[in-house]
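Every chain is named by a letter (A, B, C, D and E) in the order it is written, and numbering of its residues begins at 1.
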Amino acid sequence: MANIELLLLFLLASGIVSYFLTKWKSFVGSVFTIFSTMFVFASLAMYGFSGQLDTTVNVIPVLSFAQTNIGFYFAIIIVFVYLMVSFFHPYFVGEYKYKNSYNVMFLLSLAGVIGTFFADNFIQLFFAFEFIVWTSMLLIPMGKSKKAAVSYYGFSAAGSFAMLFGILVMRSVSGSFDIDLGLASLAGGQATLVFVMFLVAAFSKLGAFPFHIWLPEAHGNAPHPFSPVLSGALVKLGAFVAVFAILRIMPSTPLIDFANSNLPHIPLGQYAVVILGSLSIVFGTLMAIKEDDAKKLLAYSSMSHGGYILVAFGIMTSQAVAGGFYHILAHALASAGAFMAIAAVAKQTGTTKMSELGGMIHKMPITYIVYLVAIISMAGIPPMGGFISKWLIFQAVIDKGMIFVAIAVFFGSIGSFLYVFRPLAALFLGQELREYKVKVKEAPFLMLLPMLIITALNVYTGVIPSAILNFTNGMLVDLGLAPVSITMWDIVGTTGTLNPALIALVFGFGVVIAFIIFIVLKKSKKVTLMETYTAGNFVHDEQLLHYTKDFYAPLERLYIKYTTIMKEFYETLAVKVKEIGRFGKYLFMNKFIGTTILWIIAILLFLLVGEVL
Amino acid sequence: MSSLAVLLIAIPLIAAFVSILSKKVAPYLLLIASLINVILLFYFVPDGIVVIGGYDLPYGINLFVDTFSRTGLGVVNVLFLVIVLLNIVEFKKYSSVLLVALAGLNGLLLTGDLFNLFVFLEISGIAAYLITTSNHKPLATFRYLIIGAVGSSLYLFGLIIFYGMFGTLNLMDMVSFIQANNVDPSALVLPAMLMFIGLGVEAKLLPFNSWVKGVLKDSNTLSGPMIAAVYAATISFVFGRIINNLLTLAFVGNLLIVVLVLLAVGIFIAEAMAFASTKVREILLYSSIAQASIVILLFVNGIVLWAVYLIIANALSKTVMFLVINKATKDHGDDESDSLQGVFSKNILVGITFSVATLSVMGLPLFMGFVVKLNYLTELAVGAQWALLAVILISSIIEGIYFVRMLIKLWYPEKNEVTVKFDLGFKVVFVAIALILLALGTYTAPLNTLDNSIDTIAEVIDNG
Amino acid sequence: MKNLIAFVLSVALGVLMVLSLTNNDWFAQFGYVDLADRVSQSYIDKDVTGNPGEIIFGITSNPENGAANIVTSIVVDYRSFDTLGEVTVLFISALGVALLLNSQDKNKRLALNFKPNFMLRVGSRALFAIILMTGVYVILHGHLTPGGGFPGGTMIASSILLLYLADDQFRTKVKGFKLLEGVAGSFYVIIGLLGLLLATYFLQNFLPTGTVGDLLSAGVIPIVYILIGLKVGSEIAGIIDNFLTEEEVSL
Amino acid sequence: MTLTDIIMAVVSVLLLGIAYLAISSKKLIKGVIFLSALSMLSVVSYVLMKAPDVALTEAVIGSGMVTALFVFTLLSIEKGEAK
Amino acid sequence: MIQYAAIILIVFGLYGLLSNRNIIKMIISLNIIEIGLNIFIISVGFVYDGIAPILTSTNSSSALLYVDPLPQALVLTAIVIGVGTTALGLALAKKIYSKYGTFELDEMGDNE
C-alpha cells in the first residue's frame, strides 16, 4: 500500500487505536506505535525511491498530493527519524502524565509530516505545517518545563503565519494555491516580500539566528524521546521551506547584479541568507560551548547546523546545494543519534546535566559508541556523513571566495570539536560517580537497536555517499541546477576529488593503529582532583570537575555577557506586549463609565473635524 | 404560511407574559418555548419576507427570513436551548427574563426595519442586563446598562438622521433609495458613524466596550455563555446585516480607513490585553473582544460568508470555554490561571473538549477555526488588505501564545489538585460541540454548500 | 479643569454635529419637510394598501385604518409590532425591578416620613377616582384624541401611586397586577395571532374599521389600546410598589 | 421671525440652561427636580412642534413617573441613612 | 433652533456621563440624552404651519398640511423604553447603595 492518502488515514486510525491500547497497557500501545510507524516507513521506502507512490485521492476530495524528489527526500529522512525514535516509546511513554495522548500526538504529527512533504498546493502545506505545530506542541510540556511549549508555539506560529502571508501574496498574483504556479508567477517586489516571509518561516523553524530562542527551550525540555524528533526531524521543515524561498523564488529575480564587482555572484537576498546563516553557525557554536545541559548543548548545535544548511542553500551552486541536502540527512542522523544516546543515559540515570554525570562508558559502552559516532559526524570528521556535506559546503564557500563566511564555517567546525567533546567527556568519560555505580545498566535492546542502525548509517553516509548523492542530483536537476559529478567512489569537486571510502579506509587504519598503541602502551595514572586542569583554567578547590564545569571558562568569559541579548530581546518584546495590554486595560477597561463616553466623543469629534472643516 | 417566522418571536413573548403568573410553570414554559422555536426554525419556517400587520414595506414592519438570518437564528436558538437546558435548575427565577431575551434576539435577527431593530435592541439589552444581575455584581450591570443605553441612543440618533434624510425606516427601502439617488457618501458620515458606534457598543468593539470586563469576568454558567456566545453572535449578525447593506455605502475613502484602523487597533490591543491577563475568564473575554472585532472587520470588507462562519465557530467555542471555566470557578472559587492549574488532569474528557475549542479559536488545523481563518485571510488577501492581514496574523501569534500558556496551565497540576465535577449534561454538550468543530474542520463540504446561498441573499437585500 | 475640558470637548462635538447636519443637503431643514418624500404621507392618507381618496373625519368609512389620530394609527396599526416590543420593554423592566428589589416576595412598605391625616386619605381617594376615570377616558379615546394606552395606563398607575403616598400602610395586591399584566400581554400577542389566523398577517386588523371619528371604530385599535393601558398601568404600579417597599432583611 | 420661532428660541435656551443645572447641581434631589423641569419644558417644545400625543405621554410618563421613581429611590436611601 | 438645542442637549447628557461619578447623576444624564433625542426626533418631523396629525371635526380632511406623524409615533416608543431603562437603572442604584452604602463611584473601592 503506498497511497499517500491511505497512509494518512492509516495514521489517524492507528492514532485512535494507540490511544486505547496505551490506556490499557502503555507498553502495548507503544509497540503498536512502533509497528504503525514502521509500516508507514516501509511503504514509503518500498515504493518511493522508484517514484511509484500512489498520489491519487479517493476518500478526502479536498486533498491532492504529488511526489517530488525533494519532498520525498525530506519525507523519508524524517519518517526514518520518527521510526527510530518510536523504538524508545515502550520505555518512556508510561511515565508521562498523559501517556495515551503521547502516542496519539506522535502518530498525528507523523501524519502532518507526510501531508507536508507530499502536498501539491500551499494550502495543504500550510494545513499540515500547522497540524505538526500543535500536535508536537502538545507533546513538549510532558517533559521538564511547561514554558518550553509556549516559546515553541510562539516561534512556530510566527514562522507559519509569515509563510501564510507569503502564500497569500503568491495567491493574489497567481490566483491559485498551486506550488509551482505560485512560485513561477512571482516577480519584482512581490517576489522579495514572499522571499522574506518564507525566510522568516524557514529561520524560525530551523531555529536560525534571529529566531533561535525556542530551540534550547524546546529541545532541552521536551520529553527525552521527543527531542531527537524535534532536532533531527521537525527542524528540517525549516530547511524545506528554505528550499522554496532561497532556491525557487529568487533565482529568477536577482536583486542586484554583482557581475561587475568583486563580490561573489549571488543575489543580495541569498547573500543575506548566507550571512545570517554564518551568524547562526557562530552563535550556535558559542552558545553550545557554554551550555551545561547536554540536550540544550545539542540544541544549540542544531542551530549552528541549521546555519550550515542556510549557508549552503544561499550560495546556490550545485555543490553547495548538494552539500546542504546532504547535510540535512547527515545532521538528522547525527543529531538523532546523539539525542537518543543522551535519552538513553537520561533514562538510566534521570538527568541530562553534565555536571551531575560521569563515567557512563563503564556501564553503557554501546551508547557511548553511538554518541561518539554521532558527534564525529556532527563535527564533520571523516569517515562520517557530516564530513561529506561539510566538504561540499567548504568547497563551495571557498569557490565563491567568501572569506568571512569561510571563517565562520571553519569556526563552526572547530567549535564543534570543542562542544561535542564536552558531553562525551562529561557523560561518558571521567570519574564514575558513586551514586550511579550500582543501579545503572546498559540500555535495553529495543533502545539499542535504533541507535545502532543510526550509527551504521552515520558511517555508511560517510563512506559510500554516491547513492545518496545520486538522489540529490535528481533534486538539483529539479531545481534547475547542474548535478554534482560523482562516480561510484569519487565526488568530483571544483578544487579536487574526494574519495570518501579511501579516506575512511585510511581513517580506520589510523584508528586501528591508535587502538593498538592504546592497548599496548596502556598506563594511566591516577591524579588528585587538584591536579586536573583543562583549557588553561586552574582548579581552585577540590571539586568533581571531569571536564564539565567551566570547561572553556576563559573563552566563555569573552562573550558570556552577550549571550542573553536575543533572549532578552524577545522577553522585552513579550513584556512590551504585556505593557500595551495593561495600558489598553487602563485606557479602555477601567471602571469609569466616563472613559467609554470620552472615547465615543473623541472618535466622533475626530471624524467630524475631518468631515466638516 | 410565510408568516410563521413571526412565531419565533410571538411564542417566547406569549410564554413570557404567561410565565409571570406562576413561578412553577415558568421554567417549563421556557423549555417548551425554546424547543418549539428550534423545531419551528428547522422544519416549518420558510424563506421570504414576512409582512406584519398587512402593510408592505416600507410602510409596515417586515421580517427577513433568508439564509443569513436563518443561519443566525439556527446558531442562536440552538445554543440558547442548550445553555438553558444546562442552567434551568439553578436559575429558575430568570425564566421569564430568558423568554423575553429569546424573543428579543430572534427579533433582532429577523427584523428588516431599523427602528424595530432599536426596539429589539432595547428588549434584548434589558434582558441582558437582567441576565447579568445573576453575577451579583450590580455595579458591573449598572455600567453595562448605562453604556448600553448610550449605545442604543446613539444608534437611534443616527437612525433618525437617516430618516430625516431619506424619509424611510426600512433597511431595504433606504438602501435602494441611497443607491438609486447616488447619495454622496460624505452626507452619510455622521449618521453611519453614530450607528456604527451605537452597535459597536453592543458588539463590544474596542474603545466602546468597558462594560464587557465587569460583566464577563464574574460571569456564571448562565450569563457567561449567554453574553459571550449567544448575544455576541446575535449582535454580530445584526451588525453584519447593517454594515453590509447600509453602512458600506458610507464607508468609503477616509472614513473606511478610520474604521479599519479602529478595528485593527482594537484587535491588536484586545489580544495584548488578553496576553497581559492572568485570570482565565479575562483571557477569554479579551479574546472574544478581538474575535468580535475581526468579525466586524470582515463585514466591513464585505467578506460576509466567512464572517458568518467565524461567528458560528466563535459562538460554539466560547460556549464550551465559558461553561467549563465558569463551572470550574464556581466549584473552585477562583479563576486565576495559576490556581486552576491541572483542573483537567481529573477531567480528561472536558479538558479535551476545552482544548479543541481553544485550538479552534486559535485557528489550528483539523478544527473549524482553521478553515474559517484560512478562508477569511484568503479573502482579505484577494482584497489586497495586506496591512489588515498582517495585523490579524501578528495578533494571532499573541493569541496563540496566551492560549497555549493557559492550556498548559490548565492541564498540568503544580501542587494542589483542583477538584471540579462536571455533570453529564455538561459533558454531552461539550463533546457534541467539540465534535461539530472537528467535523466542520475536516469535512468542509457543508460550509461550501452554504457558500452561494449566503452571498446571493446578501445581494437580494442589496438590490432591495 | 478636567470637567472644563470635557465640557469644551462635548460642546465642540455638539457644534460639529450641528454644522454637519446643516451642511448635509439631504437632511431636511428644520420645519421645511416635504412629507411627500417620506413614508408618512401614506399614513396620513391611509393609502398604504391602495385606497386613494381623501379621508374626511366623520364621513369616510372602512378605510384601511380607522383611527382619526394618525399617530395612534401608526403606533397601534401600521407599526404595531414596535408597540408590542415597547410593551415588552416595559414588561421586562418591571420584571427586572421586581427581580432586583423584591426577590423574596416578603417585602414590606417603606415607612414615610409623615403621618397622613384623615383629610388627606379621604381626599386622595376622591382624587384617585378622578384620575382613574381620566386614565380610562384617555385609553378609550386613544384612536380619536391625543393619548392612548401608554399615558392612560400611566395615569391609572399614578392614581394608585396617590394611594401609596397618602397612606403609608397601603399596598396593592401585586398578585392581581401580575395576573392583569400577564393576561393583557398575552392577549395582545393573541390578537396578533388572530390576525394571522383570521386575516393573513400577524397583527393585522381583522375587525371592520368603521367610520373615521366614531368611538367604536378603527377595528382592533381600541382593544389593543385597552390591553396596553391595563398592562402599562399594572406594570408601572408594580414598579412603584417595588420602589416603595423594602426587603425586610435590610431593615 | 414669527412668534413660534421666538418661543422656540426661548424654550431652547431654557432647555439648555436647565439641562446644565441638572447635570452640575451638587444635591441629587436638585438634579432630579431640574430633570423634571427639563422634562416639562420638553413637553412645551412638543406642543410647539404640534405633537400632542407625545406631549401628553411625556408629561405623564417622563415628567411624572420618572421623577416619582427618582424621588422614591432617594427617599428609601434617606430612610436608610437615618437609621 | 430647537433642533440644535436638542443636539446640544444630547451632548450635555454625554458630558454629564463624562464628568459625573455619581450613579444617580448618571441616570439623570442618561435621561437628558433621551429627552434631547426625543426632541430631536420630533423636530425632524416638524413642518411650519403644519397641524397636529389628528383628524378632528375642524381639521377633518387628510389633504391638509400635517406635521410628520411617524417621528411622534417613534418618540412614544422611545419614551416608554426610556422609562423602562430608567426604572431598571434606579433599581440597580438602590441595589448598589445597599451593597456599598454610597452612590459615589469613587467611594466604592476597586472590589466590584
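Operating definition for what follows: contacts are C-beta pairs under 8 Å (C-beta built on N, C-alpha and C of every residue); 3 or more make two chains touch, one makes a residue touch a chain.
For clarity, every value in this text was computed on a predicted model and none was experimentally measured.
Shared contact partners of subunit C and subunit E, listed by label: A, B, D.
Using CA-based centroids throughout, the chain positioned farthest away from subunit D is A. A comparison of C-alpha centroids places B closest to the centre of the full protein. Interface comparison, C-D versus A-B: the pair with the greater number of contacting C-beta pairs is A-B.
With chains reduced to the mean position of their C-alpha atoms, the one farthest from subunit E is A.
In terms of their C-alpha centroids, the spacing between subunit A and subunit E amounts to 67 Å. With each centre defined as the average position of its C-alpha atoms, the distance from subunit A to subunit C rounds to 74 Å. Chain centres here are Cα averages; for subunit B and subunit E they lie 28 Å apart.
Here the spacing of subunit D and subunit E, counted between their Cα centres, is 10 Å. In subunit C, the residues that reach two or more other chains under the touch definition are 6, 10, 13, 17, 20-21, 28, 38-40, 43, 69, 71, 79, 82, 85-86, 89, 92-93, 96, 100, 146, 148, 150, 239, 243, 250. Residues of subunit B in contact with at least two other chains: 115, 119, 122, 126, 129-130, 133, 138-139, 146, 150, 161, 163-164, 169, 189-190, 214.
Contact with two or more other chains is made by residues 51-54, 57, 61, 65, 69, 72-73, 76, 80 of subunit D. A complete list of chain pairs in contact reads A-B, A-C, A-E, B-C, B-E, C-D, C-E, D-E. Subunit C makes touch with subunit A in their complex at residues 6, 9-10, 12-13, 16-17, 19-20, 23. Those residues of subunit C that touch subunit D in the complex are listed here as 69, 71-72, 110-113, 138, 146-148, 150-151, 154-155, 157-158, 161, 236, 239-240, 243-244, 246, 250. Against subunit C, in their complex, subunit E makes its touches with residues 1-4, 7-8, 10-12, 14-15, 18-19, 43-48, 52-57, 59-63, 66, 68-70, 72-74, 76-77, 79-81, 83-85, 87-88, 90-92, 94-95, 98. Those residues of subunit E lying in contact with subunit B across their complex are 10, 14, 17, 23, 26-27, 30, 33-34, 37, 40-41, 44, 70-71, 74, 77-78, 81, 84-85, 88-89, 92-93, 95-96, 99-100, 105, 108, 112.
Across the complex, subunit A is touched by residues 139, 143, 146-147, 150, 154, 186, 189-190, 193-194, 197, 201, 206-214, 254-255, 258, 262, 268-277, 286, 345, 348, 359, 364-366, 370, 374, 377-378, 380-382, 384, 386, 389-390, 393-394, 396-398, 400-401, 404-405, 408-409, 411-412, 444 of subunit B.
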